[in-house]
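Naming follows writing order (A, B, C and D), and every chain is counted from residue 1.
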Amino acid sequence: MAIHEECGVFGIYDPMGDCARTAYYGLYALQHRGQEACGIATINDRELSFHKDLGLVGEVFDEKTLDELGGTMAVGHVRYSTTGGVRRENAQPLTLKYVKGTLAVAHNGNLVNTAQLRTAFEYRGAIFQTTTDSELIAYAIAQERLRCASAEEAVCQAVKGLRGAYSLIVMSARKLIAARDPWGFRPLCMGRRGEAVIFASESCALAAVGAEFEREIDPGEIVVVEQGEVRSIRENCAAATSHMCIFEYIYFARPDSVICGQSVHEARRNAGRALAREFPVEADVVIGVPDSGLDAAMGYAEESGIPYGVGLVKNRYIGRTFITPGQRSRETAVRLKLGALASCVAGKRVVMIDDSIVRGTTSRQIVGLLREAGAVQVHMRSSAPPFIAPCYFGTDIPDRENLIACRHTVEEIRALIGADSLGFLSLEALHRIAPDASCGFCDGCFTGSYPIQIGQEE
Amino acid sequence: MAIHEECGVFGIYDPMGDCARTAYYGLYALQHRGQEACGIATINDRELSFHKDLGLVGEVFDEKTLDELGGTMAVGHVRYSTTGGVRRENAQPLTLKYVKGTLAVAHNGNLVNTAQLRTAFEYRGAIFQTTTDSELIAYAIAQERLRCASAEEAVCQAVKGLRGAYSLIVMSARKLIAARDPWGFRPLCMGRRGEAVIFASESCALAAVGAEFEREIDPGEIVVVEQGEVRSIRENCAAATSHMCIFEYIYFARPDSVICGQSVHEARRNAGRALAREFPVEADVVIGVPDSGLDAAMGYAEESGIPYGVGLVKNRYIGRTFITPGQRSRETAVRLKLGALASCVAGKRVVMIDDSIVRGTTSRQIVGLLREAGAVQVHMRSSAPPFIAPCYFGTDIPDRENLIACRHTVEEIRALIGADSLGFLSLEALHRIAPDASCGFCDGCFTGSYPIQIGQEE
Amino acid sequence: MAIHEECGVFGIYDPMGDCARTAYYGLYALQHRGQEACGIATINDRELSFHKDLGLVGEVFDEKTLDELGGTMAVGHVRYSTTGGVRRENAQPLTLKYVKGTLAVAHNGNLVNTAQLRTAFEYRGAIFQTTTDSELIAYAIAQERLRCASAEEAVCQAVKGLRGAYSLIVMSARKLIAARDPWGFRPLCMGRRGEAVIFASESCALAAVGAEFEREIDPGEIVVVEQGEVRSIRENCAAATSHMCIFEYIYFARPDSVICGQSVHEARRNAGRALAREFPVEADVVIGVPDSGLDAAMGYAEESGIPYGVGLVKNRYIGRTFITPGQRSRETAVRLKLGALASCVAGKRVVMIDDSIVRGTTSRQIVGLLREAGAVQVHMRSSAPPFIAPCYFGTDIPDRENLIACRHTVEEIRALIGADSLGFLSLEALHRIAPDASCGFCDGCFTGSYPIQIGQEE
Amino acid sequence: MAIHEECGVFGIYDPMGDCARTAYYGLYALQHRGQEACGIATINDRELSFHKDLGLVGEVFDEKTLDELGGTMAVGHVRYSTTGGVRRENAQPLTLKYVKGTLAVAHNGNLVNTAQLRTAFEYRGAIFQTTTDSELIAYAIAQERLRCASAEEAVCQAVKGLRGAYSLIVMSARKLIAARDPWGFRPLCMGRRGEAVIFASESCALAAVGAEFEREIDPGEIVVVEQGEVRSIRENCAAATSHMCIFEYIYFARPDSVICGQSVHEARRNAGRALAREFPVEADVVIGVPDSGLDAAMGYAEESGIPYGVGLVKNRYIGRTFITPGQRSRETAVRLKLGALASCVAGKRVVMIDDSIVRGTTSRQIVGLLREAGAVQVHMRSSAPPFIAPCYFGTDIPDRENLIACRHTVEEIRALIGADSLGFLSLEALHRIAPDASCGFCDGCFTGSYPIQIGQEE
């Protein structure tokens, strides 16, 4: 409940026009990936337009703006900031003019060689107006474009210098270009709807706009759409490995998305089943913490044979404007966000599944809520292993000092949250939750070992 | 998915103060009962303050406003308009000055003798500045107060003239008064938190603020809180019958609320179990339409032995500002609101449970979505009987011409929505879904027969 | 610079429609009479619509709202609150439903028997939702309407019970009714534009909308417009006297308005001429404090033969959102609002004219500003006599303890503000500044003697 | 009434802190130079902060924002866009990170070699995110900084490549740098307040914040403030000529400003006196069109001996949100903006002075308004010569096809606006209106001959 994905991206080429509106719907489907800022840039007759601001998709765009944006191509972005700060200037897509015309750049991920790249550019006279990686990438493309014959070639050369996670959509006056880093950290897929070609962070956005999923963009691949024709540049695929963020399956992605062939919902269910095998317990009911713990709870129930129940109901109206109660208030945050069902838990031994434990605070409050509602035992199971290391590739997992598992044993954590027993999914089991996935995984936040070596400075 | 409750009410007396903040949290828990307008009125040292506006609780109130409102008593209201229109003027609580000082009035329900009452007051020189029943009730109290020795007696006499549904909270400079109509149409309960006394439309609001549920307010009962002392006036209880809106259990109330002793979640699960008995079918998976169809789907699965699955995922960000797609758009409204899980339904015979069918449009689109996702059969079950008549008591069930069941047989509806089979919960079963409830029910929208005779004019 | 008029009113009947837009322009011309809230109510096919809110006319209305309001009749209001408080609820016109249909009421002025009237209505069961006199007047009309054959007769009877200032516009589904109190405190005039009939607080609003001034509404008169036909009810004129607020000429009204036959600009110029005769001084330049001191300064220059100069320039952008500097800041409020012209005052003996002196603070700062800019002498002249008493009839002249002239002699005031000499227009001269005016005057704020006896309670 | 200045700049170093607030007050005083967007950047402990947005100073900033900005240095900007378009992105100061840290850049003026500069930078790999000259200037500085030993030296080298108008304030973490182009097109002055050093487009902003005017920045000069020490770099002054925009005196600047030693108010008065000598006429009253025609009208009256009168009153509330009336409406725009005083003009031969005539539309409407009010003759005098050429240096004088004087003789213009006679100030007289000015002038918009040769592309 406390970790955020940084971004979601969406791109569309549609000769029928109205691409801003389709992007709007696509971003609605990706809103869970970033709720802080959003934007859409479009091309109409080779002219670039854009609109972006802080706020949710439904707050930033209105009918008039979408009509004005129109577009036979569009790039959209939803953003949650970590390193860049909550500044309006950092909203994406980044739009710019360079030697060959206009560009719009939307980026999901996080680069690890940012400082070196910035310094290098600054030593050539560059100025930086934002703190986003997108601006760095734009400079890289602009520099390469001086040498390269086409925008896509410039992108291909430019990304060679980037280390880290990037699922990227670049739009010029005539081309829509999607690119994914050779490690494949963040998802990016492609779909079709009639003559339209669509790129999106998750397949749920394709479904939302009535498009059919075609395939994932491969790690290192660059896909170019020009006048409806689609070409793939695989020059950077050679050295590519595959390290999809495994926490996408556990928490970030929408359960109705399919990533690299693996249903997210099923992956969570698998995690629950594995938990049941690894940490069985005698109990009367299995419940999940909404929303992301529900699927794993079903899996646990199925595997264990203990009935699945609805023990917690989420208040759907708690949003960004919510005023959190003070420290000593009897209205605790968790009580306002979750309602316990006594009819489900009273007098029962309860297995409670959540997606992960970060600081432990929320888990402790939920355990308390369940006991107040009459639960006689509360056995907590986490469908992710303990977090022990930061993420450098686009999520905001906190520093080690804020990760409960960096400073406490499992038994200590159990005591701190007040549960009767506690189990974390093992790393071995974690790697088996997505059997249909055609990719490898990054589990750096659970192991401290990353596909890319992290320098001192990061 | 298309019917709205009109209102939710919340009242608190707390000598510790800060009642506006507690009311704010209470209204958050009741937000599902009305998303159009909201307001809070408070008493500080016998002085009335208030703030109200169009918008969600989180939009209308900020920290500063809550601090200014303070309060050792507060009355709060969330509103969805049907008859009164979306006017800022109609936001509640209604606050006023009358012969004995100030009053704040918050009302959930709908009166059926409005026109007669208005005319009668107008013939005594009254002016009406809103179109709400609350203003009528305020006049009734003001008139009675001229004859009565106390505010509560005035309330007691005033409500004798009201016919229809009212769960009412009235606040004077010194007293908090809760009243419920003798038919008991709408819920209203009472709780305690230390010295604080709290009234709320649903028990989930008591839980949210850390209060303990004490009891329901009885049909016809008036409860007065003065300086922490609680008295009950049962003068109007004599002729009271009990006709709680049964659709509160099916759809309106929050599943973690307990109404008249009956868990809402369990009632929905019971409805699902009954549906499985009444309309069994050979199938591979049972799914619910989120959110209100999920509980019934679990019940169906349990009773039938068919596995429960997650076939549909709801987009949590669709709000009031959402721009709906045009008629011919490939991005249909349902596609944007719900995502289908192919991994759950592909190649399967699916039982799909929703809370009700109003116009049939949404059901048809959901059936389509499931078939697109690969469902080989879709068997729809509605956990409510067919709507065949309007509601006069505080919900916005549409006119007969907009109710599909008024113009079509069940078989015709099945064909229209494209399901392989269709079953509506029977009236008999409906009356058995809430076995723990200590009340009788109003099922007027399913039968056309109401606890109060409806005149020509309504 | 510190006294506010409470309100301005505007009414129009125009069979060509679009009355909301004309009212919008009329209110723009009356904005100086009230900047806190505004509103417009219209009639289309006997249906009442309205829009009102806190804010300036330009903030509250947009094109869409004006189009929706339309109207073959409209009533508009701008408000500055004194007694009623800054509440959105108090914005006018008040709109209501009563025994004979709908009414909109807009009021400029202040009643002095408010408390008695409120109590009397409350003892008949009335409830008050605002603290405005308009609501009282509406009750009075509603009560009389039960006995009277027409709306205008009800207005005629209702106003008999009102004591104080009221320039009133009432609109029913079919009639536009203008009324003025028998003392004639506040201005109200009438004009025509083709078939349209227009009422406005000041003639500048008629000019703004291209209408021709026809005449003043007489004290006590009621004018009814129905289907374009205009009738006058003079029943309350019999006992009428004439006591136009003389401070309208000095300060409130716009200089291009003509009130009761007297140009406001000329009245101010006359005041300046009289000041030159009453308080001559040897000096090099005469300057005015913008905006309302400029006209009197010209008059002083003309009469004295001392050249007129521009010594102070006003910042046109200081509005309601301006953040005033702290006490010890070197950016004083007056320095931000006014710029001194050294080229005009340096090395000169300056006569500085302002409309009045309330607390003396601003005058002291202006004298300082002029000295800083190099003035060797500053002789202040006030085109109003000293304020020594409050106003009960619609302006916010402060309490006696805040009026410098209640606690200090002229010589003391001179010393306090740091001027070399100081002169206030005499009462005798005051009464001669409007020689073209066909009315008598109220000078209560300068004399403490009022046309209506003020009871203990006020 | 139709020509806009592009910008105003303000810079402050004050060891006492709170520079954002002082900049806020300074920008209020410069608001007339740009009403579309504004911004303030500050330095606190070498850290850059900023806030900027579309809107007036009073709309964009609130107390909290000013407190957060704080600052021991600040740069502020008000903007009216011409070439750059109304985009939030174009609001200034531009803030950026470059090879040596952070910079904030605020610019008033317009460059004429923009296209060449952009292309040159793009060919080195630059990306442009705005369409402002400030971004170009920032690149120029960033490039030079690679070679130069200090920020000021980089500024000094960078501006060598700029052709056109720039009054510039640049702020680094430690230095405040003001620079003015060698032609001296736009004003820029310097003042002191205790230890504080302040730069501003006009002296009125110094006065507003209680600072004392010290001197103008010379054409080509660069002034550096570091830790309170002030140094001047005069390297670019060698080739400097002096071509202050003469229309600053006629219209743009505030009358209480002194530019290059010349009071703006007196310059306007001089223009009026010259008009009286060049275009005398027998008349009864001289009036000015508020606000910028008033000073010239006084001068005309003084020189001619014809009495000065107030014939037109301006509505002070017409702002950006004003909804202009349609074409055939009887409420013309001019009628809403200006009220005519019949008491001043009725039956009179009127001399009406305005600052200039652009398209002629407004003049025609004002002549009509005066005739309606009873003027028997209207003699118009323009205190500027006819506009016959565009401005390339920072004002939005329209294209030739929209300048009435490009297509009509004076006699034709007279007939078109319906005046009895018409006179434009001669070029010779124009050059004598500012006798105290220590500078030369640019009169390009009146002559088509500019201090800088304008290439084909502009």
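Definition applied: a residue touches a chain if its C-beta (ideal position, glycine included) is under 8 Å from a C-beta of that chain, and two chains touch if they have at least 3 such contacts.
Just so it is clear, the structure is predicted and the values come from calculations on it, not from any experiment.
Chemist: So which chains are sitting against chain C and chain D at once?
Modeler: none
Chemist: Do chain A and chain B face each other with the same patch, meaning over half of the contact numbers show up on both, or with different patches?
Modeler: Over half of the interface numbering overlaps between copies: same.
Chemist: If you average the Cα atoms of chain A and of chain C to get two centres, how far apart are those centres in Å?
Modeler: Centre-to-centre distance between chain A and chain C: 60 Å.
Chemist: Could you grab the centroid distance between chain A and chain B? Build each centroid from C-alpha atoms only and quote it in angstrom.
Modeler: 36
Chemist: Nearest whole angstrom, what separates the Cα centre of chain A from the Cα centre of chain D?
Modeler: Once rounded, the distance between the two centres reads 49 Å.
Chemist: If you look at chain C, which of its residues touch at least two other chains?
Modeler: none
Chemist: Viewed as a graph of touching chains, is the assembly arranged as a line, ring, star, complete set, or other?
Modeler: ring
Chemist: Which chain C residues qualify as touching chain D in the complex?
Modeler: 21-22, 24-25, 28-29, 31-32, 35, 56-59, 61-63, 66, 193, 204, 207-210, 254-258, 263, 265-266, 291, 294-295, 298, 302, 308, 310, 312-313, 315-323, 325, 329-332, 335-336, 339-344
Chemist: What does chain D use to touch chain A in their complex?
Modeler: 88, 94-99, 103, 118, 122-129, 135, 138-139, 142-143, 145-146
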